[in-house]
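First chain A sits with chain B, and in the next complex the same chain sits with chain C.
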Partner chain A sequence: MNRRLGALLLLMATQASAEIPEAERRSGYHDMGASVQAMQDDDMANPAMLWVLDGEKLWAQRQGAAGRSCADCHGEPSRMTGVAVRYPAFSESASRPISLDQRINQCRTEQQKAPAFDYESRELLSLSALVAMQSREHKIAPPDDPRLRTFLEAGAATFNRRQGQLNLSCAQCHEDNRGKRLAGATIPQAHPTGYPIYRLEWQSLGSLQRRLRNCLIGMRAEPYAYGAPDYVALELYLMKRAAGMPFEAPGVRP
Partner chain B sequence: MLVAALVAPALAQDARRAYVVEDDAIRESLTGKPGDAERGRAIVGNRQVGLCLLCHAGPFPEERFQGNLAPDLSGAGSRWSEGQLRLRIVDAASLNPATIMPPYYRTEGLDRVARSFAEKPIFSAEQIEDVIAYLRTLRD
Partner chain C sequence: MTNALIRLPRSVKRGEAFEIKTLIQHPMETGFRAGTNGTTIPRDIIEEFLCTYNGVEIFRMKLSSAIAANPYISFHTVATESGTLFFRWTGDNGFKVEETARIAVA
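Now for the complex of A and B:
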């Protein structure tokens, strides 16, 4: 089955709400003010670059019982070009898709024989920002891997599932009401084009899972644990939904 | 005429009152008495308590950021009777299953509610009556 037909069948099977036509897809970048856009556009002003610099140092440091650095196996960070735009991807050893953060930790534990970094730790965000930045301007390109199909369906189901005391689904806001105003904020289309992002509200860099957690807490739903398969499936679906959009990590958002 | 009786289960922290849906309304006050419009205005205007202005705009000149996902509350008291407002706040999805209006007094049939909000309605019966009293003052 070709990819387009597969995607169509997936949509028919799982989509209850209004899918965004390709011509109307837009990054949250276009919904924010000019000053925040300028902050993202200028590497000297983008606060995420502080994490990228830390990531460059970590990349070259020998770590763990194996005494190996990322660079020892992978070479220069630029060799990671095009990697972030195809994550989450299926992991043989996990028998399920894993996020880029989980892939970095897999290298830590399996190759470097070092303890995994905590989710949202400065180290993990620094390395993921460094790797993600190598795919800037690349198009989001989820792998066409049949082993991902059931996980994609699970992610789509989560996207369309009403949750929490406020009884809302992701789709009700980010598709049906995209572009409208939730109090003072324009509701974006929820395309993960720039993660990890520096969010002004956080005063920090954070992962897509942290952002998803914010939405769940706003809906008064129980957030999933960081790294939970539910989050990875949702990430997978969001990347599929944004396939072909230009990647802009590390992004800045209000 | 559709008449459905709902008997809320006894809850330890916020015992919800039983109510009767007739047509598209709950005619009887949940507390047995009218609410207070002034308290109702404070609830609607408070983003943490009422959440109303996240989605609705209304006659709140002092509130700078108001949503536009849902109808303007101005004139709500002309458009809807007291009983109609009550059902729309208690459980709007019973009238329109696709609505984004949260169920302010229903706790059944909700999925993955955060532990700190489990089994709790968004509003107490008193808050619902106060909000209705306020909305009824919003006449065109």
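Now for the complex of A and C:
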């Protein structure tokens, strides 16, 4: 085989696996303007803190038929340190991985005996922001759990599969064209380091699944229903792809 | 209950300028957007923000539809004496939030 062809095949092979090496992983934070970075850097300017305040109130409220608060069982929110960076995680009762939002709702329904919060509701976002914030500066550390393997593979396949009317894959934008411009925005590497985020475009806090929904609509693909196993598998893969990166939730994004 | 965050230094030297930062939860609905059924979503904004320092007005701001949700306002004033800063946000639909913060001047 001639050397040029060999090099080309090697290039294609690396493109197919296409995972960004740890040293080159870069948070979307670095792709945004200085003024948005300043909002994230200062808790007084970061509107997500308004949700965290609600989260603190909810944490302490006795709710549901069990009449227990999160605090009654878990103590201070700081006891959640290091939790968000290892979600999604495998749930015995669901027999599949669940997101942090779903884990919180599991405690709502099973422990508090209260109705689950709706996805993207102020309550669920507030609690997940509070829990996520406890892991700031911690490295993303997906669980090394063999039960997750097939789900992880499914997430990776979704990430690399062309879909939608534009026939694009996530990888084409976020790996092959990362750092380039798309209609005024720099294409980030798509790391889930800051979720839930306060997005200026939303004028609100939103989950990673809401962000993924935006990208799917942009590709003219059909978004999944919130909480769908497909989203959780994608989240799982995104966390693995971002392993070792410092967590920065709740982040701010344009 | 509306969440509001206020930050200022706990103590300042007399005659020195210090920064006051405020952040408040509010949708700042412009009054220009159409809802799902085509009708206009009524305006719901904060119209005015006021700050007094021991009863003396030191900052007042008119807000408009062009200001984003959850307005962040920061400004400076000069430390004169220890006392109370009073903050008031007022707006559409009888919106009114009042907060106070203490400042020690050495």
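In this text, the second predicted complex is superposed on the first by the 238 of 254 C-alpha atoms of A that agree within 3 Å, B and C clash if a C-alpha of one lies under 4 Å from a C-alpha of the other, contacts with A are read in each partner's own complex, and residues count from 1 in each chain.
FYI, a residue touches a chain if its C-beta (ideal position, glycine included) is under 8 Å from a C-beta of that chain, and two chains touch if they have at least 3 such contacts.
This structure is a prediction, so every number in the text was calculated from the model and none was measured.
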(Q) Looking at A:200, would you say it contacts chain B, chain C, both, or neither? Reply first, second, both or neither. (A) second
Q. Which partner does A:47 contact after superposing on A: first (chain B), second (chain C), both, neither?
A. second
Q) Among the partners chain B and chain C, which is in contact with a greater number of residues of chain A? A) B
(Q) On the A-aligned overlay, A:172 touches which partner chain: chain B = first, chain C = second, or both, or neither? (A) first
(Q) Applying the document's definition of touch, where does A:183 land relative to chain B and chain C: first, second, both, or neither? (A) first
Q.
Please output the residues of chain B touching chain A within their complex, sorted ascending.
A. 47, 51, 53-55, 64-69, 93, 100, 102-103, 110-115, 117, 120, 122
Q.
With touch defined as at the start, can you tell me which chain A residues reach chain C in the complex?
A. 39, 42, 44-45, 47, 49-50, 53-54, 200, 203-204
(Q) Considering only the defined contacts, which chain C positions touch chain A in the complex? (A) 3, 5, 7, 21, 23-25, 27-28, 68-70, 72, 74
Q: Note which residues of chain A are touching chain B in the complex, please.
A: 161-168, 172-173, 176-177, 180-185, 187, 216-217, 220-223
